[in-house]
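Okay, structure first, notes after.
All chains are identified by letter, namely A, B, C and D, in their written order; residue positions are counted from 1 within each chain.
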């Protein structure tokens, strides 16, 4: 499955990058979300894939045994997901607000403060 | 003492939380913010002194030994940066007192500022790669919000660009961590350094190094990844851009220094060459950008980029001398850029505009303030005997010793152009007759007295610091040298964290 | 000694206060400082004369071997005395010249700071200290040239001077650091001991040219000479002090100082002699076409600097002797001429030589002073200028190519005669005049200065011995690096150089007679203005600006999508390079578990990719959001299938919240549109796909080389025993790596504050201008 | 928006979901769950209520301003990290009470920390959602 997931990660990255490079700020948001998914899935795949062996001990065990999945990437991704959620929520509202304040979704119209005379 | 290290991160957190609970009382918020920064400074100075004495301070969060738990560690560089950060925050909170409008204050300016500082301090102190990511994110989200706070149109434009490019950087950083963990199975920097040093063929080192170079390069505003900086830094209220300019990009540079001195020391020739090329391009492209700008804050934004290149050059040269130069220059840059950005507010108040073409006559009307500006500007341009000169001197010397003559040429060329750019501000805004300015901007009635003391005091203290670093550089350079020695000999660092090698 | 050096800065700081308190009387107080310093330095004369060198050392940055080490020898003493004596006269003079000027205090402050910096340049033994003062002279000069800063011309001339000398300063810095690298020391006196070390080093040519560039820019040698005439925008006392008597001679000083260390080589002579000679002739030539008194003087100064450089280039005892003597003579007479020009300007309101005349009766004392200086300038016996000129001719006659250099020198001598006449004789005696103001004799503070200069020129010329043994000989020794016997300058009887001298005097007189015609004739072919270095300076600034503008517009285009494109392209390029450096083979990458896929997993992967494509392609925002949700849920399913229940739960919950949030926002947003052109979409598609491919490759590469594991083992062992939890992921989150989580909830909080403030906060737009 | 079925169902669902969220929080240390998931579930319970009725009602039933929840959670989390410092042990060292409580199991500072996380997550999610819905 690693290869398939690698392709999926690549696809997600490609899609995300393609979307953030659009001129529409709304597509930017969708692209950023996709990039978030891509990064999480990337770490997950890198951590190694194990089926049906969550890193949770059974009540009769005092330590994890056998071919359990690596808990560290899972913890990292969990943190990353939550952080990503916070950041994206802000980004979504920012973009909505920008659209409302400026009346445009086109990045071409959003460069007035960044032009070299 | 080492147990107290996390306090540096928690003090801003608590300051922010307390300020948050007074969200409808801007006055109390201000007081809390000021007190918090004062406490931070008071806490960071003893830590700095202790680090000077012992070399390193480190603690394991939750008592979990390295590399299993998160390491918080201060070496001379970190400790120095912490003190600089605390100082800058203190001065900025004073300036914010009058520079930030009550509306922004009641919507969380003070807590946000301290959350930002928490992220910055965390980044300077952590010894764990993923933890660094977390502090980066704290810093980033706080900077996003601060940048957009107020929601004026230019602010929003700037924030969108800032957010998008920095999120791309975060995605890269995260991917880099994934690759790192997948390949080496550890996140502790010291442990990582040791694993990379050990015998087994180091996999994917260049790739990893490149990933981190890209991720941090965006944060540090290195060419060709700097676009977010000039797009956004001139849009928020002045104290916010001042603190961004003083500290944010420095975190990127700090991380680059940390990673490329501690972890990626293999196959250094290639990587250092790459860094040097990027450094030279950043210097030149940045300063050329400054030459064509007319907005005061945008001019210095581009200057900021150019000097990021200078800092990077020291890392690329990678000799103890060069690193010492970088550390010295880093401190100078924090102080002088913060000061310059605060100056934009003074100029705005006096001249009524941020566009230097519309300004004029400030030298005539406010000679003392002009003198302060001249000192900062000359220091930024690297004129002796001011703080900017010594760092540049050391970097040039290191470059010559390493026979990177083209790099030296780039540094010197960028330096004369910096002088040019500073002089054009001086010439336009200060020397030029105010009668040439459009009527709506000319307000000859404004005098120095209209600059509040709360703004002038931070500026003056920064200028004094610049003078001190310039006229009496020995103690500062000695500290920088100490930091550089530690950086170029990381074995002690590794041993401090991992204990004696089994 | 250090106090003497720094006194200028300290008194400079107090000067504005003094001026405010005492008004014009402050100048006498301020003049006391250079006078005092002059006395102070004079008392070293006997010791220096006896061949002693006096060292002072003050620590500054010991880690880098940078100290404020000062060394007083013949050369620095000569310069120090010149600086202080001219300084004293200029201080007194400017009090009258700028009497009542609102910026007089600042003027004195800068002038004194300049004097101190200049003293620093000539006294420093440590190269870095020298550099520090060197740059300070550039900066103070910038401020002084731009003194009349409300005029555009003053500002741009100041900037020009600063940029040109600043550029030279930087080359100098590089040179000094290289010298340190070769010799291991920054101390000039120590370098003197191992002088051959430098000339033998492979770095010698680089050092030489860098030093030469520094000296040439400061001392206005061709092709950098153009800034000096432009610097005449400064008030006349400034021109007198900086641009005639002292600062421009810093380059000469530097060459003289380094002559024993770097000189004596073929490179040295082959470059410096032509440079000096060229400058000498160019300056003289340019002087002939000017009619502004100060510009005339500036051009002759350029020429005089060329003479000094030429003489140093020759490097013989005679030539250095000539150089030192000429330096002193020039400092005195050029200072005097400038002050006279200043008086004329001040009293008549014009400096145009064509308009001036008939001033002799109105200002007899000034006239006398002018006469004395002009005679010294013309090199008439028995003035000091005469001895200087004699020695110059003697040097050129003994040089290689004697004819060429001697004839150039004679030409220059002739121009000096003419120009001395134009500035100091013609305005007083010429018949007609068109003057904006009716002239009077200026106050004593003004005529005293030139009179002192003129009489000194006469006095020292009459008794050449005074100067010779006390100052000139030690200076020559210092710049030679050894002691040799020097001939006492005296009347030699009729010889070739005297004839040459007389010849140039006569020719100069002739040109003076027909000056207006000559000038107009020469001005007719003023090619220098279009193709000269000044034009080059202008066009290179323009070019710089064009390049800067183009590249900034290119990179900082203002368009986020272009920025992202650049960043992604950079990342793809760097990563592909890095992956190739890490030498991954494709077979390695694809080795593992191709076929270890179950059907439902494959379905999830397909769903994931399909909904991704839909999200990209969707026209309707609603469809895009739903597709995005499906992507999120598929990812959650992947987590669930591969042993990450906590992750899956969190992902489900978060995805749901995100979808709700997007839905709340959705109905305020417009439809999705394709804004970019088809070609751009194709381009971006290719870039995005290659970025995706690089990432996929990266994932596979990691899978091919997995390492580590001890940390997992530690967690597996200790999660329950030490951290009291069976769910290792949760234990990591709240305990092992709880610090991360603290940061994470901070991020969440800040994000919530951000959303809240974005939506609710409206800054009143009226405050915009107030901030 | 306010369909009767949804609003009736929500009245029942709200307490159930809240209970579930608390359950997830408590068992998190030993089984899948924890402060994050728990907080998210609780937040979705209130957001469901918000969709079924309106923001004001949702705010009223929550009683506390979600922003205060955020602050309180952050404060609790950082306090739990400080406790060990008072004992002279490194920051965030887990301190456990010996006694085992029913339902909750062992109690210690990491648990306190998790509760902080739980509160922050609820506070943040609801602040965002309420703000957006109110606009």
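The rule we apply is simple: a contact is a pair of C-beta atoms (placed from the backbone, for glycine too) under 8 Å apart; a residue touches a chain by one contact, two chains touch by 3 or more.
None of these values were measured; they are calculated from a predicted model.
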Legend entry - Farthest chain relative to subunit B (centres taken as mean CA coordinates): D
Legend entry - Winner on C-beta contact pairs when C-D is weighed against A-C: A-C
Legend entry - Length of the line joining the C-alpha centres of subunit C and subunit D, rounded to whole Å: 62
Legend entry - Whole-Å gap separating subunit A and subunit C, where each centre is the average of the chain's CA atoms: 49
Legend entry - Centroid distance [mean C-alpha coordinates] between subunit C and subunit B, Å: 26
Inset, instruction - Mark out which residues of subunit D touch at least two other chains, giving numbers and ranges. - result: 30-32, 36, 67, 70-71, 74, 78, 81, 91-92, 94, 121, 124, 128, 132
Legend entry - Set of subunit A residues in contact with two or more other chains: 20, 28, 38, 40, 42, 46, 48, 54, 56-57, 72, 76, 78-79, 82-83, 86-87, 89-90, 93-94, 97, 110-112, 114, 116
Legend entry - Multi-partner residues of subunit C (at least 2 other chains): 549, 552, 556, 558, 560, 564, 568, 645-646, 650, 654, 657, 661, 665, 695, 698, 702-703, 706, 711-712, 715, 726-727, 729, 733, 735, 737-742, 744, 746-756, 758-760
Legend entry - Category of the chain touch graph - line, ring, star, complete, other: complete
Inset, instruction - Going by the contact rule at the top, pick out the subunit B residues touching subunit C in the complex. - result: 6, 13, 20, 61-62, 64, 67-70, 72, 99, 101, 103-104, 107-108, 111-112, 115, 118-119, 122, 130-131, 134-135, 137-138, 141-142, 144-145, 148-152, 160-161, 164-165, 168, 172, 175, 178-179, 181-187, 195, 200, 203-207, 209-211, 213-214, 218, 224-225, 227-228, 230-231, 237-238, 267, 270, 285, 288-289, 291-293, 302, 345, 348, 352, 363-364, 367, 378, 383-385, 389-390, 393-394, 396-397, 400-401, 408, 412, 415-417, 419-420, 423-424, 427, 431-433, 473-474, 477-478, 481
Inset, instruction - Over in the complex, which subunit A residues touch subunit B? Could you list them? - result: 20, 25, 28, 32, 35-36, 38-40, 42-43, 46-48, 72-73, 76, 79-80, 83, 86-87, 90-91, 94-95, 97-98, 101-102, 110-114, 116-117
Legend entry - Touching residues on subunit D, where the partner in the complex is subunit B: 67-68, 70-71, 74-75, 78, 81-82, 84-85, 88-94
Inset, instruction - Please give the residue numbers of subunit C that touch subunit B in the complex, ascending. - result: 59-64, 106, 128, 131-132, 135-136, 139, 142, 146, 149-150, 155, 158-159, 162-163, 166-167, 170-171, 173-174, 177-178, 180-181, 544-545, 547-549, 551-552, 555-556, 558, 560, 563-564, 566-568, 570-571, 574-575, 577-579, 581-582, 695, 698, 701-703, 705-712, 714-715, 735-740, 742-744, 746-747, 749-751, 753-754, 756-758, 760-765, 767-769, 771
Legend entry - Residues of subunit C touching subunit A in the complex: 549, 552-553, 556-561, 564-565, 568, 590, 592-594, 596-598, 601-602, 605, 608-609, 612-613, 615-616, 621, 624-625, 628, 631-632, 635, 638-639, 641-647, 650-651, 654, 657-658, 661-662, 665, 668-670, 672-673, 675-676, 684-685, 687-689, 691-693, 695-700, 702-703, 706, 711-712, 715-721, 726-729, 732-733, 737, 740-741, 744, 747-748, 750-752, 754-755, 758-759
